[in-house]
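Dropping the structures in below, format is structure tokens.
Here chain A shows up in two complexes: once beside chain B, once beside chain C.
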Partner chain A sequence: MRVLTALSLLALAGLLALGVSGVFPRPELPSADEVAAEWGAENVVAAIILGVRLWDTLFEILVYAMTIVGVKLGLRLLRWERPLPPVAETPLLRRSADLLLGPVVVFALYVAVSGHLGPGGGFPAGAILGTALLLLALAKGVERLSAEIHEPALEWAEYGAIVAILALAGGLLLLGRRGSGYLVAANVLIALEVAIGAWVVLHRFASSRGEV
Partner chain B sequence: MEGLAAVALAIALVGVGFWTLIVRRNLIWKLLGLNVGASGAILFLVALAHRPGARPPIVGLGPGPSADPLPHALVLTAIVIDFATLALALVYVIFLTEHRHTQDVERLERDEERGWPQP
Partner chain C sequence: MAVILLSALTLALAVFALTQRRLLWGVIGVGAHSLALAGVYLFLAAPDVALTQAAVGFGLVTFIYLLALRRTGKLTVVAAETPPLLHQDGEHVAGLEWEILSRLGRQLHRDVEVLWVTRAEIPRLLRAGEADVGAGGYLPRTDDGVVLSRPLIPTRIVAVRCGPGPCGAVAGDRCQDCLPASSVTYEDHRELASALRSGEIGEAVADLLHVRQWVLSGEVQPSETKDGGEAAFRFAVAPGEEDVRQALDALLAELERSGELARLIARYIG
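And then the complex of A and B:
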């Protein structure tokens, strides 16, 4: 086993050295500005993530979804999820959560919608939305928030978002259509998926051990 | 110069992370070390995109060369995969803790040699 590991490590290092050594000539890449203009984006990274390297992003979304399903099923197998005692509400936390929630959600939407024009995109927007949900969970308690936002329906919305991304991206890829409208739609769907996934992971971990 | 400093910091982060991953005996600490090492890898990718005097890879931010956008796109993958690995590994640690009542690797191995104690 150790010999096998060492051999495979050596092979990996050899591949890296071969790639660096310049035996293979580098292909001529189009300039970044051209790529961005072709996809209707100003943020070149967005054009690469959702355009040129679309397969990468699609499978990344699948990895994310599989993680969430794995966490959910894995922790369900333990069978010691019990409802946590309700968190005592502190007025300060409650008020600040109420105050902050609106701006945070609006900012997340802004980051998602303008992801093709500047720094931003679906994944950061989803993380920001997940933070908003974490803030609400701190103020209200995890179980109560989970009931209030109708978690099973949300999970179906997440699966729907994944299917929609796959259909949209795959369809456009086959049709060969490009444009900024596609980038906006994909970013919003990704934000939705990442936010709900972050909430599901947070909820599972919180209800399996300890309190938030 | 900033690129070199970032590369040095990235190598230091990977070193600290892997040191923790190898030396610590607690599984949670091992996962934290893995995460710190992954941050080092992410910083290394960002440092690779650096060019002297470059602007961010956004069209219309002014003249001059732009930073290489491809490593930035790879960083996104690295972050997501890092998160996924950490979350799933934590689930397995919860399993181990529930069934074997320890997170100490050496104790787990010793127990395996002796045969698991019946709960």
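And then the complex of A and C:
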């Protein structure tokens, strides 16, 4: 077993070294400005999103939504009646959560809004927002947070976001609209959907502990 | 260059995470590994992927592991079953030491899980990192190689003689040190008592708590008792778990100060 582990580690290290060594040729790329001009977009990132990545994201969102529905249905079948022990509050965690929550949410919004022009986009923004929610859950306890943020409304917001994303992305792809305002709206909706989905999955797992 | 350095760091952190015995350190290792991987992506000119890797791998996954750890982290106790101190009562564990251990578990946010083993196995399991705390009337020996808590209950080592024959004790127990060279060891106190009753051995060395139990239940009628010196029951803690020992000592000191320990002793031992 040890020999196997050592061998696979060596193989991994070799792969990494090969990857960064420049042995593999890089494909010739067209100039960035040409691509942007071809799509009539602000820059090459927006052009790539319009041309390729939007399809990608569309199916990502569909898979993600299906996963969440699966978790909800699957965990509903497993009953849990044992009440959860309340999580003790630690002052250190609560203070740091208070301090970090604002910056994290603002950064998530920035990543979502600027996602069509640079690195970022809806999915990472949603993951960052989800992290902010998890931070709150760690500081306050999952059940208390769930009661505070009114989960059923949240779930309806999520369904609404999925429908809006599908409509928006489908419209963009079929009609070929090239306004970046649509991309910003799509990214914000995607961020919302991913964040709520992360929260729902976490809550279901946390409240059915040990019974799976 | 930065890519090669960060790749090496990624590998090193993965190995670090795999080799950690404490789950918390393992989770921290996995988080740091994700962050280093995000750095690799960044320097390979993929800031988009780096951002997602940092948000999902370092943020979400680490937080979910932390939350799970906080809810399900276990405090594993290995113990020899010792009736008034720590024993199985139907489906539950009961006893004086259980009262203290369950309080410790609540304080550390960890569920206490008790595994029944023989006395001789306790130090080995603790040293191997298979368990966190050793209990069940633990009388420390010098060469056990474990960390010890404050004394819990003072007791005495007693040799009881019932008839002719060799001397016996429980293997691995402190009392084994008091035995002469040609003597017999048994796996637990129940076997020792039955050997003494059947006349297999003539003399047994044990702690006062067990001897008192044997005499009170009429299992053993000693003709002569000999005092073997003072000792105290303690908890044994795995060598790497300094924070568990500190929490345990603080709890014991607090129980002693508030008189709760005396109440527990009066209730369980009398």
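Keep in mind that, in the parts below, the second predicted complex is superposed on the first by the 155 of 212 C-alpha atoms of A that agree within 3 Å, B and C clash if a C-alpha of one lies under 4 Å from a C-alpha of the other, contacts with A are read in each partner's own complex, and residues count from 1 in each chain.
By definition in this document, contacts are C-beta pairs under 8 Å (C-beta built on N, C-alpha and C of every residue); 3 or more make two chains touch, one makes a residue touch a chain.
Values in this document were obtained by computation on a predicted structure and should not be read as measured data.
Of the two partner chains placed around the shared chain by superposition, neither chain B nor chain C is touched by A:163. Of the two partner chains placed around the shared chain by superposition, chain C is the only one that A:202 touches, whereas chain B remains out of contact.
Contacts of A:56 after superposition: chain B is touched, whereas chain C is not reached.
Shared-chain residue A:42: touches chain B; no touch with chain C. By the touch criterion defined above, A:149 lies against neither chain B nor chain C after alignment on the C-alpha atoms of chain A. Of the two partner chains, chain B is the only one that A:32 touches; chain C does not reach it. When the two structures are aligned on the shared chain, A:128 is found in touch with chain C, with no touch to chain B. When the shared chain is aligned, chain B and chain C each come close enough to touch A:119. The residues of chain A shared by its contacts with chain B and with chain C are 118-119, 121, 123, 205, 209. Note for the complex: chain B touches chain A at residues 56-60, 66, 69-70, 72-73, 76-77, 79-81, 83-84, 87-88, 90-92, 94-95, 98. On the side of chain C, the complex with chain A involves touching residues 3-4, 7, 11, 15, 44, 47-48, 50-52, 55-56, 59-60, 63-64, 66-68, 70-72, 109. Taken together, the chain A residues at the contact with chain C in this complex read 9, 12-13, 16-17, 20, 84, 87-88, 111, 118-121, 123-124, 127-128, 130-131, 134-135, 137-138, 142, 198, 202, 205-206, 209-210.
On chain A, the positions that touch chain B within their shared complex are 32-33, 36-37, 41-45, 48-49, 53, 56-57, 60, 63-64, 66-67, 70-71, 74-75, 77-78, 80, 118-119, 121, 123, 201, 205, 208-209.
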